[in-house]
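Working notes, beginning with the structure itself.
Note that the chains are named A, B, C and D in the order they appear, and that numbering of residues resets to 1 at the start of each chain.
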Amino acid sequence: MLTEIRDASLHARGRERIAWARRFMPVLGAVAGELDLTGRRVGLVLVLEPKTANLALALRDAGAEVVVTCPAGETDDETAAALVSEGVAVLARSDASPEQDRDFALRMLRQRLDVLVDDGSRVVRLAHAAGLLDGLAGAAEETTSGLRPLRVMADRGELRIPVLAVNDARSKYLFDNVHGTGQSCVMAALDLTGLQLAGTVCVVAGYGYVGQGVARYARALGARVIVTEVEPFAALRAHHEGFEVRPLLDACPEAALVFSATGVAHTITREHLGAMSPGAVVAVAGGVPEEVETGDVPPGVTVLADGECVNCAAAEGNPIEIMDLSLSVQALAVDHLVTHGPAMAAAVHPMPGELDERIARLKLRALGIGLDVPSALQREFLERGL
Amino acid sequence: MLTEIRDASLHARGRERIAWARRFMPVLGAVAGELDLTGRRVGLVLVLEPKTANLALALRDAGAEVVVTCPAGETDDETAAALVSEGVAVLARSDASPEQDRDFALRMLRQRLDVLVDDGSRVVRLAHAAGLLDGLAGAAEETTSGLRPLRVMADRGELRIPVLAVNDARSKYLFDNVHGTGQSCVMAALDLTGLQLAGTVCVVAGYGYVGQGVARYARALGARVIVTEVEPFAALRAHHEGFEVRPLLDACPEAALVFSATGVAHTITREHLGAMSPGAVVAVAGGVPEEVETGDVPPGVTVLADGECVNCAAAEGNPIEIMDLSLSVQALAVDHLVTHGPAMAAAVHPMPGELDERIARLKLRALGIGLDVPSALQREFLERGL
Amino acid sequence: MLTEIRDASLHARGRERIAWARRFMPVLGAVAGELDLTGRRVGLVLVLEPKTANLALALRDAGAEVVVTCPAGETDDETAAALVSEGVAVLARSDASPEQDRDFALRMLRQRLDVLVDDGSRVVRLAHAAGLLDGLAGAAEETTSGLRPLRVMADRGELRIPVLAVNDARSKYLFDNVHGTGQSCVMAALDLTGLQLAGTVCVVAGYGYVGQGVARYARALGARVIVTEVEPFAALRAHHEGFEVRPLLDACPEAALVFSATGVAHTITREHLGAMSPGAVVAVAGGVPEEVETGDVPPGVTVLADGECVNCAAAEGNPIEIMDLSLSVQALAVDHLVTHGPAMAAAVHPMPGELDERIARLKLRALGIGLDVPSALQREFLERGL
Amino acid sequence: MLTEIRDASLHARGRERIAWARRFMPVLGAVAGELDLTGRRVGLVLVLEPKTANLALALRDAGAEVVVTCPAGETDDETAAALVSEGVAVLARSDASPEQDRDFALRMLRQRLDVLVDDGSRVVRLAHAAGLLDGLAGAAEETTSGLRPLRVMADRGELRIPVLAVNDARSKYLFDNVHGTGQSCVMAALDLTGLQLAGTVCVVAGYGYVGQGVARYARALGARVIVTEVEPFAALRAHHEGFEVRPLLDACPEAALVFSATGVAHTITREHLGAMSPGAVVAVAGGVPEEVETGDVPPGVTVLADGECVNCAAAEGNPIEIMDLSLSVQALAVDHLVTHGPAMAAAVHPMPGELDERIARLKLRALGIGLDVPSALQREFLERGL
């Protein structure tokens, strides 16, 4: 079997944790129950933990052969063991070297996958570099920062397969980026430091979806939040929502806690770090390499999780109910690529609106929330325009 | 002179109120200072009050000949008198009959206007019906509900002039619709009733920009807010932002205060009114005719402002700082149409992004808010994609 | 008849407004229905408007002979006319001179009142000064600032009648001071200025019950709020609740809106006014004379309502549901003084806890809110201590 | 030496964590720097973790001989080892049996302590039962639930030493109970479950200081919060602060998460648990034994931390800055008892106001927050009363 994990004996606790998460994932259950992926081979690149494990199991239940890889730093060995015990192939161990991680990805790619579900587009790019694209109907990518280089590749004519921009599905970014990452990053930072937010000054660099979430949760927990931005409308919105808005360097000396939520490298530079007061703590929400320039941190300043995404590296990622939505988008993306991928252009494609809406409706049903339906008189009004 | 108003002697108090508003409108001042409209004729359809009066004065200062009309119900006679004392032509009186109001609009249209700034698209449609479009380079329309029929006309090939969708400028809808209408409708409802929100149940029909604003301000003032929606993503967002979401009929019995924020006729029907408890109060935020079916209101239920937009009919409209943005968009729309209108297709056009952004940047400058600028390293990162 | 009002013909509109308020005052109705004040003479000093009028009517319905006075600045002539049309004696007109107002109070005091309900303790002190205390079983006083001089009088042995501190009833200050004054002062300030709070800096001097209310409502509407305090625990609480805390003089230059919520004279001095930026607006919440030193206001600064309580002078006071509680305390205070006053010491007395709690329970019943009841096991636990 | 711990070799990591906490505890540092406890023997019963360890070190630095005990379930072995390496006597190991824990307490009590700092009053009661009170000048107790049985003992004449009610110091309960326990219990529950609050229904039983904190933080994180109460004013306050208020049994079926914040046994009974929906999660904030009747939990319901205080058992307790205040009160309580204890009655005494205020002022200084000082005119006003 293809599998390579650290300790197969850890499966029992892993299965328990996967089952706990599944209780709060009704949408993925409903989505997967309608798919037929018999005989398809799907490669999954996941932050390997109990919630994402449910995507692997859901695809397997729909008939797919599933192979999972994950870099060492994001691998939970109990979850890996549990998946293997359920017949899923796993190439991931928490003690792997970077070379091994790369080798795992290459071994997965050599399985003649039908679809690849990536996280950060590392493996999609590796597949291009290593020439392992044969038979691949397409890939799904769920992060903003993973899509960015793929779009650059598409612009340069270097992208060779269709990619579904799972990140841009409304079922994903409206909830995962704002509420999921917002809550989990703020909580991870508090957990790691033992500090409180009530009465402290918290700086949030970037007021996109993730930044909005972080800023709101931090304020909700009592912080005075200062937002920094490069884009005028985002800055004005933050201002009208009651946040102070300033240039970052100007805000650093007052900050007890600084979040980068830009997803852009070199956001928190040496100069910013040097302007912070002793005791300041820095965290990255979301994150790309070098988002904080960690090369030369002054003694009084602490960069959490070595500047990596604080909610992935130091906590268990996003809340279960949010992951239920995001993973459901992934499952439908797999199904869509299997059917339509071969006919799709080698480009970054949006998630089809009807699939996106199907997930939203399933979530509402799971929550027991009823919608109104426009009456005949209202439909007439909308057609007429007045 | 073209002018017809109720009482020219009221000008002193009107001028004072206009001057008060101007103190808090730095953006309109900055925008208008850069325009040259010498010799242009501009027709303005406005809710005539001290804030909007400043648009008339700003355009006049830029060299335009300005004619203003306003329906009786939205005309403030002090403001009208003040404008006339400043040399602006005004056709508006608070005691006009509907026939007179129509006549005022027609008289204005006969002035061979270069540009028409409309509010609700009533006068644009009248100009089409009356065949008074000659020489008109275009029109600006600032409401969602005014644009809707113009888009239907465009689809049917019946629109004869270019229309700038001022409502869709980000400088407008991100602030005016959410914060302006949100704050002012909630406050007008409290003002009219003498009630409080703390501890009451408040229902908000519709979770678009206006509905979001109303829901947030109502909750901020202590209400338990129930949102009703027809669109699944809007419903899910409301849910994740902590609002209860239910069908409207189901929510009516509990409601102390019901806002319609849909801008769609027949939102609050007889059936909904009948399901409300004695003491319930209904208000329209934004609004189109028949949004509440006021024909047959049960004895215990009160519909504020006879079902018209509660913040226009019963209060002085949106806050000054918000109007500063919206009126600045109008001023730039006039300038754009004067120059480019003759070459533009007879369609509904978005506001050009660079004009929109110019307003946002002027507002930030007026607020003393500094933006960051991406560094060379960051620009490289963004180009490279990783 | 004793009555002197401005225009008796205004009664119809007044009666309508009083009836509107009564719909939302179930507690006063329930309280008054149980009282028997037959043959008692009660003097009421009220901000004369539709809500307080209901106290006069409730006492009359309970059998009392009621005389009402009110200073000119707080007299609503429609309400006065309505009360007279209902058989209540009223000495109040909106065009009275200060001498007339004093005369009205003296005429009321000469009616051999059993109980006096005062507002600001002006008339209680006048009664002492004029020697008109004969037969008076006691007085009720509902403001913090009215109780202060009475306590000083009591300390000096100069108080000659028992006074019930209605202000200190929990049914009053927990709701009236925080929510009532909080909401109504913020709204009155916005109404008077046409401004918004979203994105502005708002300073609140004093973080007692009123200040807490003002600060919370201002923040809820989007302001960045800076609190100033003289007391360390109040300052720390404000800090932990997410407010910035600073000395007042230091905060003035940034402020768009400054509220004094201290109830202490000379809070906003000339020096503070001089430190404010052009466009700054100052308002008093609650208020005593000279709380803002209005003698020498710089040209760019606006003091709302001439430095008087902004929600009384410029709006219709507190929300109806809040007044329902406060006026119910007044009604029970009258009943208590009639029965027990003659045996009570000439001192400031707290409101008896069981009366206070009765009001809270009636309010909960009116709201349909059910309480839990400690079980037998829980009562045992509480007695045993563990 | 008296010490008994699990593994002395763990000291390095413990010292690091203690030092991290100390960086954020300026008040304890300032307080302790002024004390002289040379030759005094102080017994500390603590939840043994890095923050509380700083109290032991601060008292040692002030010259005291310090002995620490802690029950097994709340003992962190790294912290224990670090304290021992600093010369503090520790009797605590994470693998102790209940008998050993009791023995540790008795061994500590036999050291002829001058002062005992207790947590839950278990050891004070043991000292009474075992007759080990000789030489004890008094005890400090910092929990609501620990004070309750001591007050019952005092009422029955069974209390033999003076006890300082540290819990009732404003520096403690205004911050520790509301903000500390509020934030940490909500976060611990989310951490343990991986769930989110946005959009869920959360029930909070009890609206005292702890309950207020839990309810506010849960709402801040997006939950719809239902409060349950037995006391009418608390219920009304919750209502006015925008919470739904209902009887507990009635609220259970809707709840995703139920917190008990009453500190009263038998709050969440079998009947309540039976009324919950599958997936419901129950947590205790603060807590006494049997607060949740854990004997018979239905299969679909999860009781976190076996019904013990969720933030102590499952997380690292309260935020550091909050503990800085609470532990500073403890330090001053020790000093006060050493000096005044021998002359104090055997009763539960409040913390002297001037000590309490000293801590508040030190905290403000550490935060850099300035207070205003009443002017001469204001002091005159306050003395005169008007």
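Quick notes on this one:
By our rule, a residue touches a chain if its C-beta (ideal position, glycine included) is under 8 Å from a C-beta of that chain, and two chains touch if they have at least 3 such contacts.
Per UniProt, the chains are A, B, C, D = Adenosylhomocysteinase.
These numbers come from a predicted model, not from an experiment.
Comparing contact pairs by residue number, the interface of C-D is reproduced by A-B among A-D, A-B or B-D, since over half of the pairs coincide. Looking at which of B-C and A-C shares more C-beta pairs in contact, the answer is the pair B-C. Separation between the centroids of chain A and chain B, computed from CA atoms only, is 39 Å. Rounded to whole angstrom units, the spacing between the C-alpha centres of chain A and chain C is 54.
Computed centre separation for the pair chain B/chain C is 38 angstrom, with centres defined by C-alpha atoms. Within chain A, contacts with two or more other chains are made by residues 179, 198-199, 222, 239-240, 367. Against chain A, the residues of chain B that register as touching in their complex are 145, 148-153, 170-171, 174-175, 178-179, 228-233, 235-237, 239-240, 245-248, 250, 264-267, 269, 288, 357, 360-361, 363-364, 367, 369-375, 377-378, 381-386. If you check the complex, the residues on chain B that touch chain C are 20-21, 23-24, 50-51, 179-180, 183, 187, 190-191, 193-199, 217, 220-222, 279, 315-316, 319-322, 367. Every residue of chain C that touches chain A in the complex is listed here, in rising order: 198-199, 219, 222-224, 239-242, 244.
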